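In order of appearance the chains are A, B, C and D, and numbering begins at 1 in each one.
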Amino acid sequence: MPDLYHALTLFLLLNLGAGLWRVVQGPTAADRMLAAQLFGTTAVAILLVLAQAGGVAALRDVALVFALLAAVAAVAFVRRAWPQPEDEHDRP
Amino acid sequence: MTAAFYALAGVALVVLGLYGLSVQAHLLRKLLAVNILGSGVFLVLVSLGGQPGAAPDPVPHAMVITGIVVAVSATALGLVLMLKVAAASGRPTLDDAPKEDRCPKE
Amino acid sequence: MNLLQTGFDGLLALGLIWLAWRALACPDLFRGIVLFIAFGLLMALAWVRLEAPDVALAEAAIGAGLTGALLLAALARLNRTAAAQTLPREAWRSGPALLLVLAGAGLGLAVLSLIPEPAGLQAQVAAELGRSGVSNPVTAVLLNFRGYDTLLELLVLLLALLAAWSLDADPPRREAPAGAVLDMLLRLLLPVLVLAAAYLLWAGAHAPGGAFQAGAVLGAAGVLALLAGWRLQPHLTGTPLRLAVTIGPGGFLLVAWAFAAGRPAAAGISAGTRRRSDPADRDPGHPVHRRHPGSAVPGLAARRR
Amino acid sequence: MTGPDYLSALLLLAGALFFLAGTLGLLRFPDVYTRLHALTKADNVGLGLIVLGLALQSGSWLVAGKLVLIWLLVLLAGASVAHLIARGARQRGIPEWRR
């Protein structure tokens, strides 16, 4: 079982790394933000698995904080940083 | 082993942050660079504080938590200053930056 | 330590370096900020792997939540001041780069030679932990052994807030209404955020958590409310708000002053070197042992912004 | 490994599969709206299955409850953010993909 946990965290981290390609590639700002949102969820999953694997209950609190604040950056993007007409910084 | 990975990553972050801070002209970039530089220092501090098998040293942890909180307040203040500079001069760089680095004034 | 964990650590360390490089080097600022947010997420995972869950909590609340929102909001206002946001591609400077690579190599060697470090302060902290009134060593260091540092940090937060207030004549701007979904999200999320902050503060005594993390969660709650267009009532924003943000450092100062005035010999001496016969050391109700009341100040500091 | 162990291993692997599907969708789908669709699979089902698998292993109702709470919070945030981004994309006239 521990090996499965560690393989799972490694797999999830690789997943996250693959998602970075979408941040770099765009093409729209929304695509980059979507990828960041997926990173947050993946980090929550990694933390929960690590908490179980290492028997460290505190990591569930870290995951809890991640889950609570998952929306903050995305809301800041939608309410502030998203340019009204999609413009030049959305080109790849 | 774990500590060595992260300590070296911390050193790399310090180097990257210093390079960005000294070469980039845009003030927001400079703020990002300072944050990355700080993260590198924190990584080195914490990864040197632990020994394999033993309980980690809580003193660097406490210092790094303090550092993270101070870093975010300094970043917020820096962002306000940057906005003021940009509003006053029309560009988000400092005036003593070399000419070719300045953003074209719109 | 098996191969899978080593792979995880190596990948995470490389990912951190790559993200930092791309965040600094890519020509588009918005992309750089998103990469920086991802960098904060990975930093939290790195703290977990370094057995520093307290730091991971602070990083999760600040690095992944607050900083990203602040940077994005600042970038948006930068656009509004008609400043160019896409710079001409930064020139690659080989001179500084070479110098820094050399310095970095030296730094790396120095750090590697320090890795089997003889001993930190964990033995001293463990020896004094029983008298600190809490069982989480990091909280004990922050609020007992280095209480004056923490007081000064509250003052740093207050100063940053005051400076931002004095500089920032934020022109009132028209905002689109938040919409039903965002309003609903806030109505559901804000009470949970406040509850979670209280939980982190309470848990800090015996488990990872504590005042800073709780304050950061409250701060993020305030930022979220600001982003949705919720504002304080006008009659609360003047003197009452100013009083509220000074209560924390003020109360802490008062406790420190009372402590120093009452027992001049012990003032300014850290707990580690204090005389063993000190009667106050055994008194759990002594002011120094209490959690300071200013834990909400980081939250307030962020709330105004 | 006993019966529950196999079950939770199965759930964890299924969850990982959904994360993979979400990432692949994010990388391969042609426009924002379809990528949004892929993302929610990882958010909702992937994390849900992993939470379920871990809850079977946790051996305590309290821990299981906390896991479910975390999942519900991610669901709430994910659903709201997905809506906000989709609405914003429509308002800004980001075109839908047509074959």
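Please note the rule applied: contacts are C-beta pairs under 8 Å (C-beta built on N, C-alpha and C of every residue); 3 or more make two chains touch, one makes a residue touch a chain.
Everything numeric in this text was worked out from a predicted model, so none of it was measured.
Asker: Counting C-beta pairs in contact, which two chains come out on top?
Answerer: Greatest count of contact pairs is found between chains B-C.
Asker: Just the number, please: Cα centre separation of subunit A and subunit B in whole Å.
Answerer: 21
Asker: Taking each chain's centre as its mean C-alpha position, how far apart are subunit C and subunit D in Å?
Answerer: Here the centre of subunit D sits 29 Å away from the centre of subunit C.
Asker: Where the CA atoms of subunit B average out and where those of subunit D average out, how many Å apart are those spots?
Answerer: A distance of 32 Å separates the two centres.
Asker: Two or more other chains touching the same residue: where does that happen in subunit A?
Answerer: Where subunit A meets two or more other chains at a single residue, that happens at 33, 35, 40, 57, 64, 68, 71, 75.
Asker: At which residue positions does subunit C touch at least two other chains?
Answerer: 5, 12, 29, 33, 66, 75, 77, 85, 182, 185, 189, 192, 213
Asker: Which subunit B residues sit where two or more other chains touch them?
Answerer: none
Asker: Which two-chain combinations qualify as touching?
Answerer: Chain pairs that touch: A-C, A-D, B-C, C-D.
Asker: Could you list, by residue number, the parts of subunit A that touch subunit D in their complex?
Answerer: For this pair, the touching residues of subunit A are 1, 4, 8, 11-12, 15, 18-19, 21-22, 28, 30-31, 33-35, 37-38, 40-42, 44-45, 48-49, 52, 57, 60, 63-64, 67-68, 70-71, 74-75, 78, 82, 84-86.
Asker: Using the touch rule from the top, collect the residues of subunit D that touch subunit A in their complex.
Answerer: Contacts found on subunit D: 1, 5, 9, 12, 15-16, 19-20, 22-23, 26-27, 32, 35-36, 39, 42-43, 46-47, 50-51, 54, 57-58, 63, 66-67, 69-71, 73-74, 76-78, 80-81, 84-85, 88-89, 92-94.
Asker: In the complex formed with subunit C, which residues of subunit B make contact?
Answerer: Per the stated touch rule, the residues are 1-20, 22-26, 28-29, 31-33, 35-36, 39-40, 42-44, 46-51, 54-62, 64-66, 68-70, 72-77, 79-84, 86-87, 90-92, 100-101, 103-106.
Asker: Over in the complex, which subunit C residues touch subunit B? Could you list them?
Answerer: The contact residues of subunit C facing subunit B are 1, 5-6, 9-10, 12-14, 16-17, 20-21, 23-25, 29, 32-33, 36, 39, 43, 46-47, 49-52, 54-55, 58-59, 62-63, 66-67, 70-71, 74-75, 77-78, 81-85, 87-88, 90-91, 93, 96-97, 100-101, 103-104, 107-108, 111-112, 114-117, 119-122, 125-126, 137-138, 140-142, 146, 149-150, 153, 156-157, 160-161, 163-164, 167-168, 210, 212-213, 215-216, 298, 301-302, 305.
Asker: Touching subunit C in the complex: which residues of subunit D?
Answerer: My answer: residues 73, 76-77, 80, 83-84, 87.
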